[in-house]
Each structure stands twice: as structure tokens, then as C-alpha cells.
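The data blocks that follow each hold one structure.
Paired with chain B in one complex and with chain C in the other, chain A is shared by the two complexes that follow.
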Partner chain A sequence: MDYLSSNKILIVDLNTGETSEDALDDDLVSQKIGGVGITSSLYETYKDRDPVILGTGLLTGTLFPASALSVISAKSPRTGYLTHSPFTLKAGMELKYTGFDYVVILGRSENPVFLWLHDGVADILDAAELWGKDVWNTTDLLRKSMGDDLIQTLVIGPAGEEGSDLAQVCVNYWANGDCWGFGKVLGEKNLKAVALRGMGLLEISDAEDFVDQCFEIFEAIKGSALEGKRGVEDILIALGESDAREWLAPVVHRHSACYNTPYPTNTFIYLNEDPTTLTEPAEPEPGFMITDIGALLALKKSGLSAADAGHVLRACARRGVDPAAVAEIIGKTGQKDPKAIEQSLEGLQGTVAVPQGAKFSSWVPQNPIFGDFGLSGESSLRDWWVRRQAVAYLFGIHPIFANMSPELSEEVILEMVNKGTGLDLSQETLDQVIEDICS
Partner chain B sequence: MNLYHSYATINQKLAQGVELHYGEEEASVLPRDPRPLRIPRIGVYAGTGTSHSWLWFAELFDRMSFHEILFMTEDMVRDGFLESLDVFAMSGGDTIRIAEWLGQEGGRAIESFIREGGLYIGSCAGAYLPLKSSKQHLDRFNFVDIKIANLSKTRPEAKRMGRKASTNYGCDFVYHPVREDVCLRTTGKEPFTGFEYFRAPLYGGPSMVTSRDSDVLAYYDGFTEKTLFLVEESLAEETLLGKVAAARTAMGDGHLYLFGPHFEHPLFPIANHLVAAAIFWDMKKGRKNWKSLDSESILEGPAKEKLVRDIKREISNSRIVAVGLEAIPVQWIIGCKTYEPEKIRVFLEAIWKRINTLERSRSVCAQSETCEEVVVTASRVTRLLRQMKSRMDDHSDTQDLAWDLFDSLRRLAMIFLQIYFDSFGRSLDS
Partner chain C sequence: MRIDVDALKCIGCMACEMACGYHRDDAFALLASCIVVYRAREKKDYFGVVVKEEESLTIARPEGVEIKRIGVAEEAGDSGQKKEADASAKPMLLREPCDLCSDMKYGPMCVKICPVNAISLQDEGE
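Then we have the complex of A and B:
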């Protein structure tokens, strides 16, 4: 692949500590498109070796709106079959720029290690000093030891090391869409983290036209239904929580968007300081960034204040445990004291319901947000959600934003991918790939 | 006309054994002369006291396919490595520090190289170095009777960039009236033919007043929209306009070309062309043997891949830290020069942009100790940069690390570029 790609699949063998590279074949892209289309194909190839596969979409890291997504594909300890988890913020984009489109992680390391992917180089490095650290300290140590604050990390915390089914792979310091227990999978591999940084460039086939059209699509989105809305509070309101703004108001500090995403889906709250302060915070860690809307909503419904919910979410992120699962489990217990909830996270067990055959993360709300997708009927809604997520996971579109913006139609996405790659991907190919990955 | 392509063609034809003459057919970019052309062997000085501008010579030579290049330290100058060369190029830096580290022995070696027919090309600090001076260290290099016009008994008032506007020079001050692009006018003397007006950047180089012993090749003729005035414009005009920007002087059987501005800067093709023309026109007439590397120095297969991968790993690690440092407002003073974090990447990018070529090549030419040295030095640079970032995060001083870092970067770039030019200058493959 010459365009929108670094043309490399990295194979990491944790048993031997060695890495190798394969070229990303044009034919594979023509048949499987990218993202979960190709991670699913790679999973089949390597499934005897318990693979965890990181993958980018063809649009990931480009100027196409909301091109923030990369995915993790692996067999989930919670379901026993192949599932896919999104990762966004700046990490999805950064994976693309490390010089690898796909990373296949095989086997198990004898000792704790982390994977350092940078500028087309893959290093498997000792993680003895990181093992046992929580997610926040691990990211801090990785950035400090490698001298760059922009390094993006996929990290497990103590929950992953201890083999909890609720363990999550976090992004930098924050929760992520891993509702599949991939934190446990990495823990079993003795893989503490994947650190990402790259300063490469992407070639575009029809660069001028591609960039111009990206800006045009941005303009169309700016005038759409999401105009004037921001952060998790407006998403919660759209999901029917009409008092969400008032509930969050005492702690909201700012909103934050993922790479190149026209809507800030994340909200930073201050827990240890007054959020209205305009000066630099006095505390090194004044608060927390809410990235999991479902978990926040569940905690709200359990009767916690926004500040208490923030404390719980922060504890989950540091420990590397799925906050949505925690919210569901503690919701059943009726516990509302954040300190007690935090203490219960150690060794927390429980069962969380997963919709039958689900492959995409429930981190993304199940309804259209703001945008009118012309839906009617319950079964139609479920089908729409699965297809919309499949498209997002195939091409590298932020999966929450995909459910906000009808402007990013399949037709527009295909047109832009073909413009950027010089390929001729058709709607029939897309339909077939979606059917394959959802079956 | 693509000047780089013209010179690359000449060098490639010569490497293939084609006989070419000045001014004829493929060599029409040069003035006519009955002499046959041959490939010049060029030493680029990258020793202690140099700044990053010697990398511009490396860039120019790479673009024009001059591939018989030797990057030299002060020790190599003193140890007789100049004897096998036709040309010795000295770019910018801290003139006094360069002179100090070359010492009397280095001064004698350069003088003897020129007197025996060698060509010395000096720009900026490299132009100041051989001028008449009684100042300590510089007094070992009194090669040519050319006076510095930008010299003053009192320090002129700086309009901006005070530290870069002037520097002590014994009891006097050398001041730098402007920085960035200036307009130059050639006198039409060979080999500076074909272009009357051109531009080159001035970063502290001299304006000169020559005696009858020297040929004036170009004058400072005006300023541009990019010219940055460090002193009053009237003083800048008085100091530069009509003064000599480029001169050619004979010494023994050899010649010196002295350029106030950086003619070797990669954004100035006409100035680059004049450097190449000077090289072909006045390079040493005869030469001694060039030490060729034996076949054990050629790395292929996994050994070559490992070397390139090891270098790439460390340069990537270093670049990642260096980019982050550029957001931090810090400067270091090394000798009499000011260094900013942006300079770090100038060295690293000179390596990074060439790694792909080495990755693609079937083989690489390097002695085993050189392979080890380049990787060890690259790792050292990464370690120093990470240490520097850590100290900056803690608001601690980094001056001592900066000395070590820039010295290591210089050595790293030297070793790497030597491998690069050796690999492609010897037509292994490309």
C-alpha cells in the first residue's frame, strides 16, 4: 500500500523477544479494507498463538473528520470469541504514525515487557520497573524515561496484572472502550504497555483534492445538529438525562476532543480544586477526564454526585478496570460511598452482561446522538448501531462521533478513501466485509 | 538549468571513467579550459569549535554527487590526512575555538596543504580563520593579507539579538550588521561566471577589504526583504555594501576562497554552484593515494540490516526528545556561540533523511570499529537528550549537558556521514 498507509504489518513474538515485518498487500486491503476487516483476517492467520492485534483504518490519522480511531482485536475473556475495542484520544492517530498499520502480538513474554513503537522501529523492552504500577504512574514513567510528553500509551494497571476479567487497557491515563477484558489478555502476556510515537508522514494519492474535500466535509459538520453542543453533558442530555448539565456543573473544567474530531466527546472535571479557577492548578493531578459516557451515566443513575462519580472513575482508570462494569456491579449493591467503592476495586469480581454475539464495544451509546439518521423501530436501531460501528472500526472513524454525524455517510467515506488511496473500493465490498466481521 | 543535476552528471560521468573537459558538453556549467576534469577529494572540517554549518557542505556535496569526502577532526588535520586531499572546506563556528583546537600544528598542516597546491574553501568562521591577526590562537593562521571591514574599536549598539550582534576580538569587536539573505554581485572573474547577481545568507561572516594579492569574486551589493538588521541600517550599509564578500587568493601552489556569507547553504543554488565551480577550478593539481577500504569493511545482509536498524532506533529516540525540547524556552552558550534546542535536530535530520537510502541499499561500507562507534555515540546522544529533558522538567541547569550533547551530535553526524559517503562514493550500489 503506497497511500494512507505505512505499508507495514509488525509481528511481535513475545516468546522469542523478536519482531518481524510483512508488507501490507494491496490485495488484502481491496478484499478486507482495513481496521477490523484486516485485524479479523490477521486473527484467523495467527489464532493458534493467542494474538492481540492493533490496527488502524485507512482514514486514521488523516485530515478526514474524526479520523481518530485505531482498534484492538483479540479473543475476549468475557465472551470467549474475537471482539474489538476502540482506542482514540491521540493514541489511535499515533499508532498510524509509528510506521506500522497493524501490530500482531503473539505468545507470552517470560518477564514483564513493554512494546515501544517509534518511526518504524519496534523495541521490546524490560518493564520490571513498571510492573505493579498503576496506569497513571506507568504512563508517567514511560514518558519520563523516554523523554517525551507526547508519547501515547496503551497501558494495563494492577487489575490486568492480577488477571481480572474486568481489567481494561487504558489510553494514557484514561478509560477507553475496552469492555472485553483485554487488560487481562495483556497481563497474561506479561505485556505491561505499548508506547507509541512517530514523526512520519502519510502519502495521499490525490492529495490536493482529498484535503480540500476534508475541509468541505468539516464545514458541513460545523453547520449540523451538533452546533453549539459540547462535552459529555450534551451527550447525556441527548440520551435523555435532561438534568445532566446541572449535575456536572459543580465540577466541569473543560471539554476535550480526540484527534481531529469535530466534537469534544471528553470532559475534564476538577475534583481537588475549584474548576472555575483561571490560573494553573496548584495540584499536580487536579481532576479527571471523563471518557466513558456509559459508566458516568450508570453512576449518575446509581445516585452518585458528579464529584463522587469522578472519584470512582478516577480510581477505575488508575487501577485499569472497566468503569462501566464497575458501575454496573456496584449499582446492584447500592453502594454510594466513593472511598468504599475504590477499596472494593481490589480483587473486584462480578459478571457483566454482554449482548449475544456482540463484537463492538458498548462504550458507544446505542442511539444516534444529535444527528438524524432517519431511523424507526427497535430492530432497525440495533442493526443501524452495529453497521455504523462496523464502518467506524473499518475506516478509523471515532465511533461516538460516527453516531453523531450523518454527514459521514458510507458513500462519503468510500469516496474519500478511494481518493486518498487510489483504490476502487465499492459499496459491495464494504457490504461483504461488514457481513464477514459481524458474522 | 538544474545546477545540482549538472554537477551530479559531471561527477557521475567522471566516476564511470568518462573523460570530460571544462566547459564542454556535460561540463558546460563550468568555464572553458583545456584541462581534463577529475573527481575532487574533499575534506570537510567538523572538528571542535565548528557549528552545524559544515552539514551544509555535506548536503551540497551529496546533492551534486561529490562522494569522495572525508569528514575531519583537528586530530586528523594534524595527523596528515590533508595530504591525500584536493580540497579542504571549513565552514562556520567559533573561529577562536577552532583555531585553538587546531593549534600551531594544525595551522602548519593547513598552510602546507595549500602551499603544495591544495584548495582551501572557508566560509564565515572558515573565512575569518586565515586572515591576518595578532590575536592569540589566530596568529597561527596568518595566511592572507585581507582585512576585516566589520571590526570596530567600540561595540556598536545592537538593535536586536544582542548576543549575536557582536563579539570580542582582542581589544576590538567584530560586529555582525545583518543576518539572513543578502544580495551579492560577481565581478565576472573565473570561475565565478554565468551569474551576475545572486543571494546567500550571512550569519556572522566577514565583509572584507582585500589587497592587490587577492582577486575579488563578489561584492556585497544590497539587502533583501529577508535581511535582518542587527545594527542601524546606515551602519550596515557602510559596513557591507561595496565590500568584498568573496575573494580568491593564491598561496604557494594552492588557493584560498574566502566567503563571508554561507555559499554552501542548501537553499541557495547559485551560491552552491559557485562553491562547486571553485572546487573544480582550483582543486589540487596532483594528489597522493587515497586510502581505500578493504572488502571486510563492506557489510551486507543481516549485519548491514542490524547496523542500519540500530542507528535508526537511536536517531528516532533522539528526534522524539529533541522535538519536545523545542517547545522549551532555553538557550546554551558554548564558547562564544549561542545554541537553541532547534539546533539539535539540524544534526539529527542530516542523519535521519539519509537512513532510508542506507536501508534500501544492498550494502554499507564501514569498518567494524566505526559501526560500533556510530551506535555507541547515537545511544549516548539519546541518553543525554533524555537526561536533559528530565532536568528541564525539574527546572535544573543543563549547561554541562549541552556541551557534551553538541559535541556528541557533531561526532555522531561525522561518523554517520562518513559511512554514508563511503558507501555511495565507492559505487557499491545505491
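Then we have the complex of A and C:
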């Protein structure tokens, strides 16, 4: 692949400590498109070796609006079959610029290691000093040891090391889309983290047309239903929590967006610093960035204050445990004391219901947000959500933003991918790939 | 004219940085952008935007904009641009200065793409 691609699939063998590379074949892209289309295909190829596959979409890291997503695909300990987790913030984009479109991680290392992907180079490095550390300390140590604060990390905490089904792969310091227990999968591989940093460059087939149209789509989005809305509070309001703004107001600091995403889906709250502070706070860890809307909503419904919910979410992220699962389990106990909840995280067990056959992360709300997608009826809503997520995971589009923006239609996405790559992907191919990955 | 950024409006999306990178390289890349989101203090949620100009650096922080003449910024030790140098792999001072996208039909691309209108064109001296 010459365009919108680094043209490389990295194969990492943790048993031998060796890496190798394959080219990303145009034919594979023409048949499977990218993102979860290709990670699913690679999973089939390597499934005897317990693969974890990282993958980018063709639009990931471009100027196409909301091109923030990469994916992790693996067999989930919660479902026993192949599932996919999105990761966004700046990490999805960073993977694309490391010089690898896909990373296939096979086998198990004898000792704890981390994978360092940078500028087309892949190193498997000793993680003895990282093992046992929580998510925040691990990211701090990785950034410090390599002298670069912009390294993005996919990282597990104690929950993953201890083999909890609730363990999550976090991004830097924060929760992200892993509701599948992939933290446990990495822990079993003795893989503490994947560190990402890249200075790559993506060529574009029809650059001028591609960029022209990006601007047009941005303009359409600016004038759309999400204009003037901000952060998790407006998402919660759209989901029916009319008092969300008042509830969060005492702790909200700022809202921020994932890479090139025109809506800030993340809200930072200050827990031990005045949230109105504009200057750089002296406190090194003043709060927490809320990235998991479902977990926040569940804690709100359990009767916690926004500050108490923030403390619980921060504790989950440090430990590397899925906050939505914690919120669901805790909700059943009626516990409201954040200290007691934090203490219960150690060794927390429990099961969380997964919709039958689900492949895509429930981290993304199940409804349209702001945008009018012209839907009606219960079954059509579920089908719409699955298809919308499939498209986001195939092309590299932020999966929450995909549910906000009808402007990013399948037709528009296909047209842009064809402009950017010079390929001729059709709606029939897209339909077939979606059918394959959902079956 | 020069680029002005309201860092309080900014949501840190990096669209401006990638648009500027495209202007420099005719491809998607971040290494040559002269507008950069500084985001190295992630745990503190302290972020803003730096613009490299011919003779100065505009550092748009949440608490306000500071314009540093480049010679002064270099001599300023740990303040000014040195403080923001961790924002990117290639130091800002080594990058081409903002030319307001003079050869692009779109006009200043960062202004056009910012989803929250945090970037504007200002008369010099404003």
C-alpha cells in the first residue's frame, strides 16, 4: 500500500523475542479494507498462537474528521471469542505514525517485557522494573526512561498482571474502550505495555481533492447539531441525564478531544485542586480525565457525587480495571463510599453481562448522540449501532463521534478512502466485510 | 497579520498541527508543523498551542497569550520556548516559521480547520 499507510505489518514473537515484517498487500486491503477487517483476517492466520493484534484504519491519523481510532483485536476472556476494542485519545493516531499499520503479537514472553514501537523500529525490552507498578507509574516511568513525554502507551496495571477478567488495557493514564478483559490477555503474555511514538509520513493519492473535501465535511459538522456542545456532560444530557451539568459543575476543569475529533468527548475534573485554576497547577496529579461515559453514568445513578465518582474512576484507571464493569458490580452492592469502593478493587471479582455475540465495545453509548440518523424502532437501533461501530472500526473513526455525526456517512467515507488511497472500494465490498466481521 | 490562539477555547485536537504539517509536506505528517499543541503535562490537563513565527514564538496558554521574540526566548533559559520544547520531537526553533499558508488556496489552514474557532488572524501588533 503506497497511500494512507506505512505498508508494514509487524509480527512480534514473544516466545523467541524476535520480530519480522510483512508488506501490507493492496489485495488484502481491497478485500478486507482495514482496521478490524484486516485484524480479523490476521487473527484467523495466527489463531493457534493466541494473537493480540493492533490495527489502524486507512483514515486513522489523517485530516479526515475524527480519524482518531485504532483497535486491539483478540479473543476475550469474557466471551471466549474474537472481539475488538477501540483506542483513541492520541494513541490511535500515534500507532499509525510509528511506521506500522498492524502489529501481530504472538505467544508469551518468559519474563515481563514491553514493546517499544518508534519510527519503523520495534524493540522488545525488559519490563522487570515496570512489573507490579500501577498504570500511572508505568506510563510515567516509560516516558521518563525514554525522555519523551509524548510517548503514548497501551498499558496494564496490577489487575492485568493478576489475571482478572475485569482487567483493562488503559491508554496513558486513562480508561479507554477495552471492555473485553484484554488487560488479562496482555498480563498472560507477560506484556506490560506497548509504547508508541512515531515521526512517520503518510502519502495521499489525490491529496488536493482529499483535503478539499475534509474541509467541506468539517464545515458541515461545524454547523450541525453538536455545535456549542462540550464534553461528557452534554453527552449525558443527550442520553437523558438532564441534571448532568449541575452534577459535574463543581469539579469540571476543561474538555478535550481525541486526535482531530471535532467534539471533545473527554472531560477533565479536578479532585484536589480548584477546578477554576487556569495556570499550571503545582499539584502533579490534580484530577482525572473522564473518558468512559457509561461508567460515569452508572456511578451517578448509584448516587455518588461527581467528585466521588472521579475518585473511583481514578482508582480503576491506576489499577487497570474496567470502570464500567466496576460501576455495574458496585451498583448491585449499594456501596457509595468511594474509599470502600477503592479498597474493594483489589481482587474484585464478578461477571458483567455481554450482549449475545457482541464484538464491539459497549464503551460507546448505544444511542445516536445529538445527530439525527433517521432511526425508529428497537431492533433497528441495535442494528444501526453495530453497523455504525463496524464502519468506525474498519476505517479508523472515533466510535463515539461516529454516533454523533450523520455527516460521516458510509458514502462519504468510501469516497474519501478511495481518493486518499487510489483504490476503488465499493459499497458491496463494505457490506461484505461488515457481514464477515459481524458473523 | 499573524495567527492568534485562544487557548481556553482550544480542545487540544491537533487538527491545526496536522493541517500545518500537510501545508509543509503535501502529506500527513507532524514533524514540520509550525503550530504545535503542547500537551506534555497530560496528568495536569494543562495544554495550549505554540506558533513559530519569523521572529517570535506565540505561546497561547490557558491563562493568556505570550509573545516572545526568538532571540530573547533562546536566552531565557528555562522559560518561554524552552519550557514548551517538550511539546514536540523537533524543536520549534528549527521549524520553518508561519507563512500564513501563503501558497495555499485555502488561506491559513489552521484557522479554517479548527473545530471550535480558537484560531484567528490578527493584525500585527494587536
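Keep in mind that, in the parts below, the second predicted complex is superposed on the first by the 439 of 439 C-alpha atoms of A that agree within 3 Å, B and C clash if a C-alpha of one lies under 4 Å from a C-alpha of the other, contacts with A are read in each partner's own complex, and residues count from 1 in each chain.
What we mean here is this: contacts are C-beta pairs under 8 Å (C-beta built on N, C-alpha and C of every residue); 3 or more make two chains touch, one makes a residue touch a chain.
On a predicted model such as this, the values are computed, not experimentally measured, just so you know.
S.K.: May I ask you to decide whether A:Gly374 touches chain B, chain C, both, or neither, giving the answer as first, second, both or neither?
M.R.: neither
S.K.: In the superposed arrangement, which partner chain does A:Gly120 touch: chain B (first), chain C (second), both, or neither?
M.R.: first
S.K.: Give the label of whichever partner, chain B or chain C, reaches more residues of chain A.
M.R.: Looking at chain B versus chain C, the one contacting more residues of chain A is C.
S.K.: Going by the contact rule set out at the top, does A:Lys90 touch chain B (first), chain C (second), both, or neither?
M.R.: After superposing on A, A:Lys90 lies in contact with chain C but is clear of chain B.
S.K.: Once the shared chain is lined up, is A:Gly347 touching chain B (first), chain C (second), both, or neither of them?
M.R.: The answer is neither, since A:Gly347 touches no partner chain.
S.K.: Would you check which partner chain A:Thr62 touches, where first means chain B only, second means chain C only, and both and neither mean what they say?
M.R.: Once the two structures are laid over each other on A, A:Thr62 reaches chain C alone.
S.K.: Report for A:His255: first if it touches chain B alone, second if chain C alone, otherwise both or neither.
M.R.: Touch partner of A:His255: chain C, not chain B.
S.K.: Mind working out whether A:Leu278 is in touch with chain B, chain C, both or neither, as first, second, both or neither?
M.R.: After superposing on A, A:Leu278 lies in contact with chain C but is clear of chain B.
S.K.: According to the stated criteria, A:Gly240 is in contact with first (chain B), second (chain C), both, or neither; which is it?
M.R.: In the superposition, A:Gly240 contacts neither chain B nor chain C.
S.K.: In the overlay, answer first, second, both or neither for which of chain B and chain C A:Met146 touches.
M.R.: After superposing on A, A:Met146 lies in contact with chain B but is clear of chain C.
S.K.: Check chain A for residues that touch chain B in one structure and chain C in the other, and list them.
M.R.: 148-150, 197, 199
S.K.: Under the stated contact criterion, what part of chain A meets chain B in this complex?
M.R.: 118-121, 123, 144-151, 197, 199
S.K.: For chain A, which residues count as touching chain C in their complex?
M.R.: 4, 61-63, 90, 93, 97, 136, 148-150, 172-173, 197, 199-204, 207, 211, 214-215, 218, 221-222, 253-264, 268, 270, 278-281, 283-287, 289
S.K.: Quick one: in the complex, what on chain B touches chain A?
M.R.: 309, 312-313, 316-317, 319-321, 323-324, 385-386, 388-390, 393
S.K.: Would you tell me which residues of chain C are touching chain A in their complex?
M.R.: On the chain C side, the touching residues are 8, 11-15, 18-19, 22, 25-31, 39-47, 61-63, 86-89, 106, 112-113, 115.
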